[in-house]
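Labels for the chains are A, B, C, D and E, by order of writing; each one numbers its residues from 1.
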Amino acid sequence: MRIAVDKSGPFTHAPTSVSRTMTLVLAALLPATLYDIWLFGWPAALMFLVTVLSCVGLEALCLYLSKRPVGPTLADGSAVLTGWLLAMSMPPWAPWWVCFVAAVFAICLAKHAFGGLGQNVFNPAMVGRIAVLVSFPLQMTTFVRPAPLGSAGSPGLIDSIGIIFGHSPMLDSLSAASALGYIKTELSRGIPVSQSILTAPDLTSLALGTHAGSFGETSAFLILLGGLFLIAKRVISWHIPVAVMGTLFLLGTVFSAINPDRFTPGTFQLLSGATILGAFFIATDYVTSPVSKSGQLVYGFGIGFLTWVIRTFAGYPEGMAFAVLLMNALTPIIDHHIRPRAFGRTRKGEPLPLNRGNK
Amino acid sequence: MKLFPIKGGIHPEYRKELTSEKPIVALPIPSVLYLPVQQHMGAAASTVVKVGDQVLKGQMLARGQGVVSAPVHAPTSGTIVEIAERTAPHPSGLPMLTIVLEADGKDRWAELPAPIADPFTQTTQVIRARVGESGIVGLGGATFPSAVKLGLGDKNKLEILLLNGAECEPYLTCDDRVMREYADEVIDGARIMAHALGAPQVVIAIEDNKPQAAEAMRKAASAQPNVTIVGVPVQYPMGAERHLTQAVTGRETPARKLTADVGVVVHNVATARAIHHAVRFGRPLLSRVVTVSGHGIKEPKNIEVPLGTPINDLIGFCGGINGKIKRLVSGGPMMGQPIVDTAVPVVKGTSGVLALTGDEVNERPTQPCIRCGTCVSICPCGLVPVEMAALIRNERLEDAAAIGLQDCVSCGSCSYICPSYVPLVHYFNYAKGRLNALDRERRKSEQTKALVEARNARLERIAQAKRDAAARAKAQSQNSDVNKADA
Amino acid sequence: MATPYKTIIKDGLWENNGVIAMLLGMCPTMAVTTSATNGLGLGIATALVMAASSLLVALFRNTITQEVRIPVFILIIASMTTLVDLCMNAWMHEMYKVLGLFIPLIVSNCLPLARLEAFAAKEPVGRSFVDGLFMGIGFTLALVVIGAIRELIGNGTIFADAALLLGPAFHFMELRLLPADTGVLLAILPPGGFLVTGLVLVAKRMIDLAAGKEIRMAGAHSV
Amino acid sequence: MLIAVGGLAAMGVTLGALLGVAARYLAVEADPLEAELQAMLPGSQCGQCGFVGCQQFAAALAEGHASPAACIPGGHATAEALAKRLGVSLDASDHVETGPTVAFVNEDLCIGCLRCFNECGTDAIVGAAKQVHTVIADVCHACGKCVKACPTEAIEMRPVLPTLATWHWDKPGAHSTH
Amino acid sequence: MSRATWIHASILGAFCLGFGIVLAVTDQQTNDDIKQRILEDKERSLSQVLPTAIHDNSPVTDTIILKDAKGEDVTVYRATKGGQVTGVAYTIVGTGYAGPIRLMLGVDAEGKILGVRVITHKETPGLGDKIQVDKGDWILRFNGLSFANTPLEKWKVKKDGGQFDQFSGATITPRGVVGAIREGLHFFDAQKSKMLEAG
């Protein structure tokens, strides 16, 4: 019997796959998402659907245009995940066209213009978010107070269609600033942080989401659980989340101790502005983060540092998305300069001296 | 004994239960044996018999050539019927000079070298010579001539002979069975080797998933104070020489050095047994234990197989192929090689024959890499497979080499774990081969240049000589003219 | 040696277009293309400078020695730019108010220098003038296209304020195609310049590909 | 105003003079790149690159008029070295991978005329007048000059087949089956 | 120096001289026009906050320099009619979301606002830039207001308890503008006598 040989070993393979990884991430996001939809009612559900479906539809379109197999590639779940994360970063009642434009930037520009899955330099969801944040600052900074499904303030399905698809202006009375936005506004009119933080949502409220904010910001606790689930399932490692949150917490705590009137405390930094979503789900995006563990620590530190700098000193109150994109740009450089130490070699790549660890 | 962690690695599905409880059975001598002249690393052996010769069991058929080589012996008595190029047990399917021996069924022994009565009073040279003439090579799969490796004590001060009983490859149980059933022989062989190497201590490392083997070995070694049995964690590729050394001693072998440079020599347990036979009984290496396994084999077995037995016979002995198989592999599923033709023989390095079904192989089309970095975190050599593969895909082989391609031991962990099913190791194998080819080309180009220069210089010398001769002739004729005029 | 006029014109407008084929002069391209009108204005100014400097260089091409040619070229471009700057300021003040900031940028635009080196220094006066002029017009076209796209996406208008640049007779050019305040602002912010320029490059390649041409990869020199 | 104009003119004169001096003293003699490239070539003057000889090919390379992959006897290794020195990337399509070849003498046709013997730059052909010639495969660098020189078409270039020592895995995806 | 060197020097020198002269001549020719244009520009922008009807002078040239509350120099442009000061205009600076907002404030002799215009700002396009007159009429609502007809405590945005609308999505920009105008009126009150002194 002669057998054709087309492949060298190994001749066994772990039962892993890209779609399995993506499914696990989606599963980790599910509780937080359901909670958020409950919290913000029908409009939020519609916003979520529009965003995810736009991403999937555009992915199919891009695949079709680039003459690649549509079905199998869609099945990897990456478009759903991008759409999902994008929705998590939007205000809960964002109009449909904002969601759609964000999806265009995320899928067509950030992902497919670079060559599709695995080729993109920047995190597609964050590119989408930044593009609409910069383009439609009004819509992207109008947050509503939570009004759980069934409560008095929660609009019905028909009204919700009007809110998301129509031009019904959102009632100003419903809108509120996000916690970080509030602090920043107050600071700009001369009210010190130490004072405004008393009127800002407290930590429990931040953790449970009983305040205005983006989709992924208002379910910090469930997002954290999802993130821990991913670490337990070894889908992500602890390096990036810990580096991001550790840096942010440390900077917040140290500077708040130095000048509590100017800087917000570390705990506040951690729980506000979708820090946890960013640390566990956004910054850990495989494609756009470094591959080595030590590189991931540097990358996470960079995100934490930049987030803090942007939140504290720059024009936008939330800085995570910008920080992620900036560090995405550095990922190839980090990967180039920070490699694991090869067996039998020094960090510089020279063979180890002979008597090291010997005798 | 204190153990040290090794970096990375994977936990594949081992599936050793298929054969781990199957005692070693001897294969009846096949009617025809095919003995390639190169079953080891190094130079091919040169045949010392001719077609038509009657040979006896244990008689040398081909002699080792040079320092790194090994002879080939007749596994049974019979007639040499052919010496020709036949398909080699190699993934290329290219031919190799093969001695074909038709067994006479009598299995008559040749006159063997006298047993070395007390090897511990003999010099290293005596033992090495015996091991060398017995054709013993590393039976773990690397097939490096053992005699050469036993000489490492000459230059290095060795402390430990590390006997590799890790057997970290899935499916394979041949070493496990050898340790369980021939523990005394293994321990004796190990002690002889330690003596030859001048290593005061013998450590036998066995992965924790083989408790019976460890127990058997411990019992056999109980009387030997300098022999220690250690259980090492189940972690592929624990059995890789450098990694096992690090796990047991904490010593990291520098790149481009040998474990001997850190005072450790690693040999396989089956090699130790073969050395025991060679030294104590003068028997050359004629057979080895092979695990025939996989869900594609009807009755998986551990078999003591005469070298040169066609794989067909082996499969037949195990009841044949069961259903549809996806891959036929020689060795383990991680580092083994595909079998191109079932007519190829079992050779010294064949530790297993695996018939794997589609479910076991779990092969899927390659998807785009998502840079998940798993290959980086599991690489036991600390390399960045994802980047090396990307460079190789773009034919940037030198750049891939610059970031450690040659440090890769082809353990297969990265390919195994990749969620996108990128054939990473295949890329590395391609690149290593291609770089070697380029190196040959470069040497040839240099050689060509030297030859061209030499030739030009020679032609120039000839031309110069001609010119000189012509000038001389002219001068002479002028002289003679003058002379004539004078006259 | 003399290149046919037809080739010169085709090169300038499309084949070898300064922006979308040679990727030269990216700095002014990014800076001024927030609207079609701005693109048009700077384009015209650049075309004037290029035509005049090409003419002058071709005129003196046999006088200028190799060693000092670069300083002389730069001197000529700088002088022409200053001339245009002064004249515009004095006599086309409305246009100057829109473009004033960008006109000195023409000096640092590497497209004029590139054409002087590559063309005007070697070819006769007439051809050099046409080359400079059409390279300039090609530059203008590219800027107008990029500007129009950015303006349309970002602001919903095309040629807004064209009358300020060209005179009241050109009010008809000012179109509003989308309702106010619905534009994707990103397009008129700096990143939008890169994105839209990239898309225009893609479009050119796709057109060339569709026409069965071989795609040449331009070395990206940008100033 | 006069001062400005005068200053500009004076600056022009000074800088012009400086450039003139610099042009004299900093002049680069010949192109050192060309010599360096030529040193990398096999030097067998086989002409398969389309140029008269290795020196001309090196000159063309230095000016960017030739592909580094054009040197057939040099093979892929030389092509890569040249490309690296020139700072260009070696496009896979530049190099038509015909695989290595070696000259082979058909002994039935060889008349022992010595013409190929005289052509061979590396002395890879052995033979004497009226004797059948043979090629030492290891030394042959596949320049093909002997094929042209042979009056009886007794020499042909044959592909070098892989052996167990030289075989290696193909690039993944290069062929669907082996 | 060799002959060649002199040739290079003279070529470059000649070009420098030639173009230097050309530029000098052009500069001469355009100088007056340019000055005139710049004057016109300033007049036009001042005319938005000092209507031409209320003056017969050129406010651009009729300036005095006064010190504001922080002790910094402020150039005050004065509109006069028949020798009487009918209005003044000066630059005020407010703190916006993304940096200072510079505005030109025109006030008549009674302290009533004639007009306010933004000169420069860095506010978010599409959000804070509604203070520009070409992006919305928000800035026009200050016309005619003064401390006399609007009590001091009402000079705030609604959110802070005042009477001025913020526009949706932006509070900080209007707050900065309102604050700047309030300070500007204080400045007028403080320096009224000096401003209205007949020139």
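What we mean here is this: a contact is a pair of C-beta atoms (placed from the backbone, for glycine too) under 8 Å apart; a residue touches a chain by one contact, two chains touch by 3 or more.
Note that the structure is a prediction, hence the values are computed from the model and not measured.
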Graph distance between chain B and chain C, where chains that touch are linked: 2
If each hop has to land on a touching chain, what is the smallest number of hops from chain D to chain E? 1
Farthest chain from chain B by C-alpha centroid distance is chain E
Taking contacts as defined above, which has more of them, A-B or C-E? A-B
Pick the chain whose C-alpha centre of mass, unweighted, sits closest to the average of all protein C-alpha coordinates shown. A
Measure off the straight-line distance from the CA centroid of chain B to the CA centroid of chain E, and report it in whole Å. 86
Return the distance between the CA-based centres of chain A and chain C, expressed in whole Å. 40
Please compute the C-alpha centroid of chain C, do the same for chain D, then give the distance between them in whole Å. 43
Where in chain E do residues touch two or more of the other chains? 7-8, 11-12, 15-16, 19, 23, 27, 126
Residues of chain D that touch two or more other chains: which are they? 12, 15-16, 19-20, 23, 169, 172, 178
Chain A touches at least 2 other chains through residues 5, 7-8, 135-137
The answer for chain B against chain A in the complex is residues 7, 10, 12-13, 91, 93, 170, 242-243, 250-257, 261-263, 312, 327-329, 333-343, 354, 356, 360-364, 367-373, 375-377, 379-384, 386-387, 403-404, 407, 410, 412, 415-421, 423, 425-426, 429
Along chain A, where are the residues that touch chain E in the complex? 135-138, 141-142, 172, 185, 188-189, 315
Using the touch definition from the top, list the residues of chain A that touch chain C in their complex. 101, 109, 113, 131, 134-137
Would you pull the chain D residues touching chain E in the complex into a rising list? 1, 4-6, 8-17, 19-21, 23-24
In the complex of these two chains, what residues of chain D are touching chain C? 12, 15-16, 19-20, 22-23
